[in-house]
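Letters A, B, C and D mark the chains in the order given here, with residues in each chain numbered from 1 onward.
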Amino acid sequence: MSVFAASPGRRVPKWLARHETLLAIILVAALAGLGAFNNRFLTVDNLLNQGRLMTEIGLIALPMTFVIITGGIDLSVGAIVGLSAVMLGYSWKTFGFPLPLAIAFALAVGGLAGFVNGFVITRVKVPPLIMTIATLALYRGLAEGVSQARSVRGYPEWFYGLGQGEWLGVPTQLLLLVVLIVIAGVALDRTTFGRTLYAIGSNETAARFSALDVDRTKVVIYTLSGLASGLAAVVLVSRVTTTRMDMGMGYELDVIAAVVLGGTSIFGGAGTIWGTVIGLVMIQLLKNGLALTGVKGDATIVVIGVALIMSTLIASSLQRRRE
Amino acid sequence: MSAAATVPLLEVKGLEKSFPGVRALSGVSFDVRPGEVHALLGENGAGKSTLIKIVSGVYQPDAGEILIDGRAMRFAAPEDARRAGVATIYQELLLFPELTVAENIFLGHAPRASGGRIDWRAMTAKAEALLASLDIDDLAADQVVGSLSVGHRQRVEILRALSHDARILIMDEPTAALTEADVTRLFAIVRRLKERGVGIVYISHRLDELFQIADRVTVLRDGAWVGARDMADTNAAELVQMMVGRRIDNLFPKIAAPIGAPVLQARGLVRNPTTRDVSLEVRAGEIVGLAGLVGSGRSELAQVLFGITPAERGEIRLDGQAVRIDSPERARAGGIAYVPEDRGAQGLVRAMSVLHNFSLAALGGLSRLGFIDRAAERRMAEAGVLRFGVKTSSVDELAGRLSGGNQQKIVLGKWLANNPKLLILDEPTRGIDVGAKAEIHRLMCELAGEGVAILMISSELPEVLGMSDRVLVMREGRLVAEFDRAHATSQAVGAAMMGGDDPMERAA
Amino acid sequence: MSAIPVPRLALPRAGIFRRFASQEALLALAVIGLAIAVGFVNPRFLAYRNLADILLGNAYIAIAAIGMSMVIISGNIDISVGALIGVLATVSGSLAVAGAPTLVAWIVPVVLGVLVMAAQGAVVAYLRIPAIVVTLGMMSILKGGLISVTGGKWITDLPQGFHLADLNLLGVPMPVAIMVVATALAALWMRYSASGRAIYATGGNAEAARLCGVNPQRTVVMVFALHGFFAGIATLVYATQLRVIQSTTPPGLELTVITAAVVGGVSILGGVGTVVGATLAAILIAEITSALVFVNISPYWTDSLRGGLILATVIADIVRRRRRASRGRRI
Amino acid sequence: AGKWDGGDDLATSPLECGMGPAAPAAPMKYDGGQPTNAADKAGKEIVVVDVPKLIGIGYFNATAKGIQDAAKDIGNVKAKTDGPTEAKIDEQIKFIDNYITSGVDGILFAANDPVAIAPVLKKALSKGIHVVGYDANSTPDAREWFVNQSPFNGIAKSMVDAMAKETGEDGSFAIVTSTFTTPNQARWIAEMQAYAAKCHPKLNWLETVEAQEDNNLSFNQATTLINKHGDKLKGIFGMTSVATPASAEAVTKAGQCGKVAVVGLATPNAMKPYVHSDCVKSVVLWNPIDLGYAATYVMRAAVDGKLKPGDTSVDAGKLGKLNVINGSEILLGAPYIFDKANIDKFDF
């Protein structure tokens, strides 16, 4: 019985036909175009600063990639940012926690909020979209209730190092993001955890029948999503020096836009961290490049919308042609 | 029996079809006459399904022509084929899990009342009539298909094809998930249709069936036409020879293996409502067959043992140690492997490569600190592909693109990679060609020889009888009879499955 | 070996009607139960005027949820509906202020809604871009475009006759009448027309639908077009209720509409749900918002309670369904 | 009962009761920031960007118009308005950051959050960019000047006095605001409470509801208030230019015109129908066009060195001389009351 008809070497190399690669090419072309128009765009300073500004969305986009790969979704991330930010401020100001403890507490609350999502999704079998739509209102409401809509200000100076400081000329939080990107990328690509995510997204029943721990994995990713949102909240509070209960409002759509633009299938089973990073950078730099070129915010939004559709269209049709 | 003089209802000439990396069909010709059952035979991946998908308008041929009543046709879409009188039951069940049986049958051609609105009452009535015509009384028209077992779903597919009053009926392994009783009933229907002059294309890996029902047979190998025979003029040996290119002597090569200590001992397992007080034992080197009708709860029992639906009461011992199996992970850790019956839904991740499917159940052993050793993973998958003769262009091919039988081999292979102590096989050879089936049987014997305990669920009685050291019979969630190899006759086991007036005594 | 007798097995019967009706029954029960409970705390809640106002002020959400249900049942989703309603409202108002005949001001947004949504449907169906990407992009385009074009100028001085929402139909306020009629027609159509069933088929199993002679692509375009139609109708209610049209997109409307659909029992995986459920859920959500004011909950806590109540409804429904399923399973 | 919902915790300074003019505040030392190494653009053309809380609402359209008018009157100012489409501080910071990079000479802003916006404004100052706020302040050291449309306590007094006049001294009222986190609204509510406690102690606050910047939600919330409180409700405060017309519409639809007073901040165009139908007696607002106009003049003066720390007034073109208060704020004037007699003279 013949086994291997032929090695697949004759086809176009696989990596070249990938959505992410094509997207990266589109991204580079767009950046080159914008850079040609504007000499302030492609400067180290500006790019690093953009890195600073996209960190919060980026942090959340990493676990969101995991979640979407499993065929789930987490709409409550923005609300968790608000809740964690409030918990940071509230525990520090009202409970008198030392700030490091307050930070840990905020992260823990974020993680717990995510855990509750994951727990109910796996145990009660509430579809993720419904669960997180409900907790979107719930967590935001808790943030408002706990804080009584009051802002918290006047954090000690050292705390601002995270959101406003730099290390070797690179914004602190960008370093954090890069480290986490590498960890998330490796975890997704190289570990059994990552493989489990793909299996769940492609066929959850088969994953379960293959003795993969589907439920625990799901709880883990939703918890990670909450933790990342908590971390984003800490970074954000540090960057803007204040805590407000409406922080992170609308983040969910920005995060999802970055993830799906990066080629992660909303139906689950496909996607990479590398794609998410490209999607993230693409949206951030497109906004920035257009703004610097003199395009106003409302028109920029239109361009982003067109770019989202067109780049997905181009990448997927190129991909189809090559296959 | 064949009506030689008439124009064939359906004729295909010189069909060619390639998929990236695979030549699925090369120059295949084939015809069906009115009132004839023409069988298609070939190994897994020979191109049978591809051929019928072309005839049904799902795929477009690269070359060749399709003639209906002698006239050349082009089927751009499945609708075109249907309009030309071709109805098809595909190998992969294509149902709407959220809709009812009646609606699944009539979707696309529901009976209409005034104003073009769907007449639900008429639809239900018609569906019930169809169910009655097949003597199916354990399935209702208003049940939701998602809650049905594979066997029942298969029947819904058949009913759907029948509902079209087609002149040409194509069935791609319709009996793969049916029990003998159901097969008998299906054949009764097929004969009725033959009398009405319907031409039937019939694909099956069960040779004995073909001798019962088919008039002619066409054999394919590696996408090429090998030959056609009248069933009356051929025999199983010749067909196998044509199919595989070599002889297979023994279909159920049971080799006696030394039977050792009990590996699995289960006492009083209960999982309502499908598993009711089940006790059983499987020993090292022993193959225990589990027979029963569709819905008798065999798969459920397997899933209780495997921790998917953990037992509510009862005790499980592995190698004499009491263990709690409340998840598949625990079961795997205990050395249990389960090859599920529904490979599309439970066994295979279709969107993943062959490589990743092979390693899925063995990731723990292939990784250090959670990191997958990718070289070892590839070695394992390639070895598996060779060992099981999986026909694929490479291990990087998507599993969903392989033919049905080859998919099954992957599911089997992925569990054997774990070196289990107890192997539970649920319909292991469903949809598998004779060659591969013999190989799987040989493999089972080999594993038993190595001391693996095997629990085999099968709806194919000859397989149960041929392979088992001991046969257990299940009915309505209970084990109702037990036979050792010497006493397991098809009459005795069959009667136990049905449950006669006098209840069977359990033989010790 | 012919005619082997098969033992008759008990059959769990779950009629399609009862299966879906119970979903709606639960919501209807929640709507009524909540009203009575709040009525105990504050009887004014049960005043006809108040109940009517709740329906009146939120009918547009229910109407938009009809189309959204269809989209979700077909296995897709739409994020752009809020932005679209904002744009259509502005178009409608601008026409009215510019002196166009009232009928034109009413019809143009509906037609435009159908066209925009059908175009999105076509991209989803034929170019095979996931709906979430297309509609997320379109949301951006509509939102930004609206502000670019109007500069956010409010539309005032609307002519008197423009206010469709102020009219009555057989004594029933127009928004409520439209909501009821649209829901009923959509429900009947979903149940009794071949195209309606094609939506369920496409969402349940697109490949199988194709083999059954349903054209999933055309179905998706049709579903989006219908969704655009209902968005247009919702716009008419939304835009004609007040004397001012804010030329911005109603914040978070898409999420409210999606919430109504999914709380109404539409499965996000496609293939399941009814429009009646969605309408009832929209009413329930509106009722909760109003009820929280009536029972003197501190407004700081209302959002968390609303989230909690939605979650409770959903969990109750899932638990009920699970219980039913396990009772139905027998051998 | 305790505090009114929706107010903030900052100290209040209610004005004197009655019609007397506000006592002039004690002069304060300049407490604003200064740009470092700003290029000397005195008399030269400058590029100014205006980043309001959000774009696409009537109010900030009006301020933007004032800015353009002033740019035309001054001649050597090129101004442009750009900002987020929702009132999100996060987005606003990104906009300002981008304009810092693109290299403008001056930034006008209306802050979504006084503290959160400070770091990016300080960054602008550090790059030599002039920074002037209007409408909603930042912490003082993050900008040079702030054009104050009207002190919070002044608005509060106008609103509460108008309400007391319409409902009687012992009327009950409720408040429809945007969100409890919007700083200006929270400030006004706190000042209103302090002023009411001092001058109209019998006025009875019932509750405050949130309604975002959403027309239909505001309408629904106001309707709910009317249905809930029935005859007890004598008045509704609309705290935003969205909430006020929507509340007026709710009162009209409920047939409660004349029974439930609507007092609030609003732009004239949206209120004309209700003022003309006598459902609303008076609308409180400063002229936002003037506000933008003044802000632009202050920017120009700061660049030209004509407005320096310690100055007590600044020339604002057709608005005449405006006074410096509270160290680094420029006062636009008293709030304006629109009524049936004058409302048609305004179009914004």
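Brief remarks follow.
Assume a residue touches a chain if its C-beta (ideal position, glycine included) is under 8 Å from a C-beta of that chain, and two chains touch if they have at least 3 such contacts.
Here is each chain with its UniProt name: A = Autoinducer 2 import system permease protein LsrD; B = Monosaccharide ABC transporter ATP-binding protein (CUT2 family); C = Autoinducer 2 import system permease protein LsrC.
Being a predicted model, the structure only gives us computed values, none of them experimental.
By the document's definition of touch, common neighbours of chain A and chain B comprise C. Taking the CA centroid of chain D as reference, the farthest chain centroid is that of B.
One simple way to say how far apart two chains are is to compare their mean CA positions; for chain C and chain D this gives 37 Å. Each chain gets a centre from the mean of its Cα atoms; for chain B and chain C, those two points are 42 Å apart.
Centre-to-centre, using mean CA coordinates, chain B is 73 Å away from chain D.
For the pair chain A and chain C, the distance between mean C-alpha positions equals 29 Å.
Those residues of chain C in touch with two or more other chains are numbered 143-144, 147, 267, 298, 300, 302.
Counting only residues that touch two or more partner chains, chain B has none. Contact of a single residue of chain A with at least two other chains is seen at positions 144, 148-149, 296-298, 301. Two chains count as a pair here when they touch; such pairs are A-B, A-C, A-D, B-C, C-D. If you check the complex, the residues on chain B that touch chain C are 56, 58, 77-79, 82, 88, 90, 94-100, 103, 107-110, 116-118, 120, 135, 137-140, 142-144, 147, 160, 180-181, 184, 188, 273-274, 293, 295-297, 300, 476-477, 494, 498-499.
The part of chain A that touches chain D in the complex is made up of residues 38, 40, 45-46, 49, 53, 144, 148-151, 153, 160, 164, 236, 239-242, 244-250, 287-288, 291-292, 294, 296-298, 301.
Residues of chain A that touch chain B in their complex: 1-8, 11, 190-193, 195-196, 198-199, 202-203, 205-213, 269-270, 323. Chain B meets chain A in the complex at residues 20-22, 222, 306, 308, 327-329, 331-332, 338, 340, 345-352, 356, 359-361, 363-364, 367, 370-372, 374, 385-386, 389-394, 396, 414, 435. Chain contact summary for the complex, chain C toward chain D: residues 42, 44-45, 47, 49-50, 53, 57-58, 60, 143-144, 146-147, 150-154, 156-157, 238, 241-248, 250-252, 286, 289-290, 293-294, 296, 298-300, 302.
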